[in-house]
Every structure is written in C-alpha cells, then in structure tokens.
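Shared between the two complexes below is chain A, which has chain B as its partner in the first and chain C in the second.
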Partner chain A sequence: MKKLIKLILMISLTFLNPVLAKSNDEIANKISKNIRCLVCQGQSVYDSQSDFAISVRAVIEKKINDGSSEEEIYEYLKSKYGEWISYEPKLNKFTYLLWLLPLILFIFGGLLIFKKVFIRI
Partner chain B sequence: MKRKIIFILCIFLTIFVFLSFFMGLDKDNVYKPIKIIDNKILNFKGDDLYSNKILDLNNIVDTKFILINIWASWCSPCRSEHKYILQLKKNQQLSIIGLNYKDKVQNAKNFILELGNPYDFIIKDKSGTISIELGAYGVPETFIVNTETKKVIYKYIGPIDKEIKSEIEKIIRS
Partner chain C sequence: MLNQLGYYSLIFGLLFSVLAILQSIRPVVNKSNLISKNIYFSIFLQFLFVILSFTFLTSSFVTSDFSNLTVFNNSHTEKPLFYKISGVWGNHEGSLLLWLLVLTLFILIFVITSKKFDNKYRLLTIFFQEIIIFGFFLFIILTSNPFTYLYPVPSQGLGLNPILQDPALAIHPPILYIGYVGTSLVFSSALASTINKNINSGWAKHIKKWVLTSWIFLTIGIMLGSIWAYYELGWGGFWFWDPVENVSLMPWFCLTALIHTLLVLEKRNQLKNWSIILAISTFSLSMSGTFLVRSGILNSIHTFANDPARGLFILVFLFLLVVSAILIFFLYSKDENKNINWFSKDALIIINNWFMMYFLSVVFIGTVYPIFLEVLANEKISVGPPFYQKLIIPFLIPFLLTMILSTRLRWVKDNIYKINIKQISIFTLMSLLTIYFLNISDKNYLFASILISSSFFLFFNSLNDFLKKNIKLSQKISHLAFSCLILSILLNGIFSSEINTNMKEGDQINFEKKIIKFKTINFEKENNYKLLRGNFELVRPGKNILSFYPEIRVYDQPKISTSEADIKTDLFSDNFIVFSLLNDEGVFNVRYQNKPFMIWIWISSIVLAIGGFFAIVRK
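The block that comes next holds the complex of A and B.
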C-alpha cells in the first residue's frame, strides 16, 4: 500500500512539476510585461524591440538567474528609473482617485441594487 | 427632502468630476525622463575595449570625480558632443570613462581614431546591461560620479553642448 502511495505521489509530482514551478522565462516575461518601455510610446518592455527594452529584458533575466525575487527586481528598476517604469502605480496623493473611485462606485452601485431589490419588495 | 439630497449630491459630484478634469487640463502630459541622481554606483565593471581586461570602477581611477559617458559609433549626436568631451579632458580632477553602448568593436575603434580619444578607459557594454544598471535611457548620456561618496551627482540625457560643458566644469570646480 505504502509503495502504491509513493508511486502515485512520484508520478503526480513529475507531471505537476512543470505546471507548479514557473520557469525563469515565464517569470521574466511576466515582469517585462509589467515594466514600461520608457523610450517607447505605450509599449511594455515585453512588447518593444527598442534597444532600451532589449537591455532591460537582459537585466531582468540576469537578475532572475542571480536569484532575485520578482519584488526585488521591480524595486531595483524603480530605484533606477522611478515609479513611472512600473505599470502598477502605488497609492499616493496623485493616484488615490484612481484607486478609490472604482471602489466607491462599486459600493454605491451595490447599495442602489440592494435598495431596489430588497427594500422595495 | 430625499430628492433634494440626491439633487445636491449629484451637483457636488458633477462639480468634483469637472474640477478634476479641469485641473488635469493644465498638467503637462509630455513625458520627461526623471533624472534620478544620488544613486550609488556600487558595481560598475566591464571589459576594456582595447585590452579586454575586466575593469572595476573602484580600482581604476584616483580623481575626485568621474565622468561616465555612454556613446556608440552608430550614434550621430555622439559625434557632435565628442569635441566637448575632448575639452573636458583638460580638467585634472576628472577621469573620463566611456561606456561603449551596443557597438561593434572595430567601429568603436575607428570612431576613436577619427575623432580622438578623450577617455581614460573605454568599457564595452555589448548587451546594454551596464547602462541599465546605471539608470540610462540610451545614447548619448553623461553621468558625473563623486568617487568619495560613490554617488551620481549629475546626469545629462542627450549630447553635451557648450552650456552643458560649462555646467559640468562648474560642478567639478565646486
């Protein structure tokens, strides 16, 4: 019985491994999709073929191979180029509306629906 | 009463939205690269263009300031700024290091032969990664580093002209 469980575990792990463990390439692609190409118009580093984007991709790959985590790579690029290089703006006095307005609209809309459906009946 | 409240709320919302967009009108939406200075240059290494030896910025210079100039033979603004870099070479407090960006070695050597060599060292950056680690956008770009603090104290994006040259000289003298 134990052997059978071991066997099943081994087989499932072998097949699951490629699914579970993201390859370095995938992580590099994911990061470069979230990094803005600063010398292009409206393109991410992943999409662009400019010299800048190609170099940034090379740096990302190098950092991943050196063992840096995703978060560390974002922080590294932000420290070199500023917040603008990231496609995900942090919550600050310039972006609070961007972050909070959808939430406010969502709650407001939810309340309206709630009122219409439950209170009227 | 309820209608009144909704009416007032609507008016406030309209005014708020209108004001937000109106204030946004004035904002300059042309992107300008941010010049982040004060960054520490800790790990600046690369192969020498001529000898292929690995050069480390920490060991090769003994002046108070280093000027790092990113250039390439295929970059025509680099040609126009070259004479100013040659003039800056006269400053004894300044070491000038060229970072040869994504270039062919022979073309780079020809460029130097033709226009003169203002650089104390030329480091090859074939993949462009050294430039990214400096925080550069492309060519030409110029950084001044204080060797004591290892911090970037000045950065200029674009070709150096007469004005920028005197600005750099002012920084070095101070």
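The block that comes next holds the complex of A and C.
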C-alpha cells in the first residue's frame, strides 16, 4: 500500500509540473471560457463562433499581449458589458447568499444529522 | 384526418384517466379496498389511446403532413426519415406527448407487477399516479396540443434545428424522460405507503427497482446529452453547467442519495421519513426541471417555446402536487426511533446523503438564484463553471474518502480499529507533501493533485474490493466506475491541450511537437445541406499520421450553418479538429484539441449504469 501511494504521488507530481507553466494562449482560452457570449443562447465566448465572440476573443488576446493581468481583463469586460458577462459572480451584497447559502446548508445539514441521528449514543 | 384522430385519442385518454382516479379512490374511501377488473381496463385503455395519439403524430411527421402545425414548425420533406421520427419529440408539444406515453406505460407496468402487495397501497399509488397523468393530459390538451390544424396547408415545413439532427440527440430525450417519469412512480408510491404505513424493508425492496430503473435511464440520458454537446455543440467541452444540464443533474443527485438510503431502510428498517422526503424531492425536481425548461425562463438552447400560459400551468400544478405531498407527509408520517452508530456502514450512507444534498443545493442555488435576483433586485448575473467548480471540487475530497471507507465497514456497528490507521496516516502524509510541493505554484493545482490522489486511492480500493466476497457485485461495479469517471474527468480537465488559430488552405503549424497541416478544402452538396469539407493532417512524433475531415454545413431549411468536428478517438486520448469560416477570403478559424481519457468518461458512465442494472437483477 505504501509503495502504491508513493507511486501515485510521484506520478501526479511529475505529470503536473509541465502543466503549471501557462502560455498566453492558454490564459486567453481560460478567460474566454469564463465570459458569456451575450448574443448566444447560453454559450461562452470560447464555445461560440458568433461575431461578438470572435471580437471579444480578439480583445482578450490584445489585452494579454499588452500585458494586462487576468483580473484587469475581467474588470475591463465587466465595466464595458456589465456584470452579466462574467460566469463567476463577484462577491457583493447581491451575491452573498448565492455563495454562502450552499455552505450554510452543508453545515446545517451536518448539525441536523448529528442531532437527529447520532445523539442517542 | 390524422389531426382529428390524434386529438380525440387524447380526449379519450383523459376520460379514462378520470375514470381510473374514481375507480382507485372509491374502494379506499368505502374501506373495501377491492381492486376491480375495471381499473385494469381503464389503465390499459388510457395507455392504448396515448399510444394511438402518439402513432398519429408520428405518422403525420413521417408523411410530412403540414396541415399539422407541429409538423409544419419542426419538419421538412427533405429530412431523412430517422430525423423525421425524432422530430416528433424534438419540440415542446411532441415531447410532452412522449412524457405522457411513458407515464401511462409505467402505471400499466406497476399495476401488473405489484399484485403481491397490499391492495390499499396499490390503489393509493394508482390514485396519485393517475392525478399526475390527468394533469399532463390537461396540460397537453389546454396549452400544448400537438394536433393544431393549419389552413391553408403549406407545401413545405420550417425544418428541424440542424444541431438537433443528430443520432445521440435523437434518442437522448426519450431516455431522459423515462428517467424523469420513473421518479413520478416513486413519488406516488412513497405517498401511498406513507398513508398506508407500510414503509418497511419489503417496500424498500420493491420501490428500489423503480428507483434504480429511473436512475439508470437518467444516467444514460445525461451521458447522451453530454456526448452530443461534446461533438456537436461545444467545441470540445462536454459539460457546461448550463441550466438545462443542471436541471437533469439535480434529480440524479437525489436519486443517488435515495438508492443508498433505501439500502439502510431495507437492511435496518431505518431512515423511513428521510426516504420519503427524498422520493418527494426527486419528483419535484424532475417536474420543476420541466417547468424551468419549458417555460422559457432559462436562457438556453433547449428552450423550445416562450409561452407564459404553459409556465403558469406547470407552476400551479407542481405547487399543488408538492403542497399536498408535504401535507400528506406531515399528517401521516410517524416519528421513528433512530438507532445508528456513528461508526458503521449506515452512518457512512448518511454522510453520502449529506454530500449528495450539498452538491444538489449548490447546483440548485446556482441555477435558480440568478432568476430570483433578476426579478427581485433587477440585477443580472451569470452563474457558470467557476462557481460550481469552486463550491463542488473541494468537497469531493472528503466525499471520495468516505466512499473508500464505506465498503470496509459493516452494518450496525463496526470496530473503530478496523480502518487501517496506517492507511489514513499515509494518506495524510501524502496530502501534506503534495501541499508542500505545490504551494509555490498556482493554487488550483494543489486541489487538483490532492483530488487526483484521492480518486486514485478510491480507484485502487475499488479494484481491491473485487476480490472480496461480502460486497455486492452492483456496488463493486458502480463504485469502480464512479472512481474511473472522476479520475478521467479530472485528468481530462488538467491535461487537455489545444490551439486555436487562423489558417488558409495549404498552411501548416507546429504545436507541442506536433504538426497540423491544412491540406485541402472541398465544396460538396448533400440532400438537405451544402458543406465545406476540410482535410487536415496531424503528424505526431513516433505515431501514425491522422487525417481529419471536419465540415462546415449550411442547411437549407432552416438556414443555419454548423461546424461538424472530426474526432479521432483511441483509448488514451481524443484528437479533435473543428473549423469555421472567418469573414476574410479563404481564412478559417481552426481549433485543434488533444483531450486525454475522453472515451473513459463515456465508458465509466455506461459501466456506472450497468452497476445499477446488476442491482436490479441480482438479489
């Protein structure tokens, strides 16, 4: 068992190493996957071939080449097209519940299980 | 002619469903609890009329009878026969008729196969199921009649959306619906046994078959949708966390939880109320899924129609069903004595449920929250992949670890020293080491490597379980398949590589020691579309050369162009090329992707479902 685990660990580490370095293209793909194509039916800019998506991809590429960081590009697109364009809603007064409710439910569920099921022991 | 026949068959079906409701509730009310022959007749005739109606609609599609509005909107004479038939359920009206067909078929099967059970339970199940069926009859006849007459009769139809013209998608809806509809029977049966107070291991054994059947079909249905998205819709992705996908995933989580809970109910006569709650929620989720998709609230490719009357009808119907279900539950359910040790298989199954409910709540909140926020605060937000990944992936790690334990513990109570302390400490050490090594770099990969280690851990443990005699075959198969599924999804996500570039005929580019050549482009004409066929070659060091023929299709009816990817699959990875026309003369946008272990995602999903099948056929 011990040997097996060591082996797994080594394999996962060696395989992961080359993946860690990211090229500009990869960053552009990553960003465009997190940006909604506003004229499409539920597709990301990455998945769509519409004119809108093509032009947004061009903007993203240009911004990366100009040296903008990922964060700056998201902010730029959001300021231009609104919060709706980003697939990752920012944590603010409108989205506290969205992000926290599942976690609250998880904790609540855990307490409920503990109280209802295991308490008699 | 076919129109009238189809419509009147529906009306007759409706009448028989009313009859069946009366026939099933009367013996319960006057306490005779006798099941007369007539009720079999009503249920059989109701099914027969729905089949007739469905056949009439299908023949209207096959013969391209454009006096039928549904056929006119969704078909075309030039379409291949296969897609004429799948066009029957490729639209709102027809898909509801299919729902109804499966509903009436299932109640017929239930009536025939449940003879050894208590009469009152059977009558009540029939009663609840017939109410659902009645609701669907009304819904179709009042808001979504597939037999609307069109005059003057047009000579040509509008055609089916070409991206829906696909073999995987042609069979995806029926399979998914069988899964959804199966949950309705679980719902009716759960309510019936709550009133009849026969929630025990016998009931668990009996309803488990229905739960598993729904689960198998739902699993396969989700997978088919995903395969379709992979090669048709999504430029290489297979799961987009699109609201419509989420809607099919939610009942799946619920059913998976229910399968495990029923094991506890069967073995230990525990968790009765929880099983009922799960049964009710599963069906509510399937129904609200239909509501969300059909009402056009969701911004999605699957939405066929935007008609508020339809949405309102389903909403009211669903509301009534859920409220009465909750009322019945509170009126009839009893407090149970829970007697579960925290260190036993029972406890681990509860923990499995806990996680399933958490995953469910993430998906549910992510899907529903933006709709409410827009209505209440007029704020438009998109909830997409990053949200789900951030909330689900970290919880997968403890989830996978509990899964490993589950096969190792016995029912009732086990000795704590049974889990190999060595194993756990080694695992902790391994995780700490991984954290240490990866702390320097991007944090996302920290999670990824711990996750991969945990899924490997589960994978080897599940393999090891095959040697043990005291574990059920179905569990061995499904758990192994699940670990393979998680592993292949993770490895695929991390090791996928791609290039997205612009090329002309004759160009070639280098990418990660591979050469991609754009050799030729041809113009061809098919029956109902024109196409540009590209010929690409992929030269890989030390391996054979692969030729690709991706297409750009321009359909005649309706006028839509699609890009057809060409995918070369082998056991280790998929190579994927898709291209599309840019505005410039002769310049194409070309996307090449290498997706490792892609085929294993599909294989593991199928094996997962096969595990479910073994659970049905083997005791």
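The rule we apply is simple: the second predicted complex is superposed on the first by the 96 of 121 C-alpha atoms of A that agree within 3 Å, B and C clash if a C-alpha of one lies under 4 Å from a C-alpha of the other, contacts with A are read in each partner's own complex, and residues count from 1 in each chain.
The rule we apply is simple: a contact is a pair of C-beta atoms (placed from the backbone, for glycine too) under 8 Å apart; a residue touches a chain by one contact, two chains touch by 3 or more.
Treat the numbers as computed from the prediction; the structure is a model and nothing was measured.
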Which of chain B and chain C A:Leu91 touches, first, second, both or neither: neither
Touching partner for A:Ser44 - first (chain B), second (chain C), both, neither: second
Touching partner for A:Leu111 - first (chain B), second (chain C), both, neither: neither
Chain B versus chain C as contact partner of A:Asn29, first or second or both or neither: second
Touching partner for A:Gly82 - first (chain B), second (chain C), both, neither: both
Greater residue coverage of chain A in the superposed arrangement, chain B or chain C: C
Set of chain A residues, in rising order, touched by both chain B and chain C: 54, 82, 84, 97
Partner chain A, residues of chain B touching it in the complex: 20, 31, 33-34, 36, 39, 101-102, 127-129, 131-135, 137-138
Chain B-touching residues of chain A, taken from the complex the two chains share: 38-39, 51-52, 54-56, 58-59, 62, 79-82, 84, 97
Touching residues on chain C, where the partner in the complex is chain A: 233-235, 237, 240, 242-244, 298-301, 303, 338-342, 347, 350-351, 354, 357-358, 361-362, 365-366, 369, 373, 377, 379-387, 391, 395, 420, 422-423, 426-427, 430, 433-434, 437-438, 441-442, 445, 448-449, 452-453, 456-457, 460, 494-495, 498-500, 563, 580, 582, 589
Residues of chain A touching chain C in the complex: 1-2, 4-5, 8-9, 12-13, 15-16, 19-20, 22, 25, 29, 33-34, 36, 41-44, 46-47, 49, 54, 82-89, 94-95, 97-99, 101-103, 105-106, 109-110, 113, 116-118, 120-121
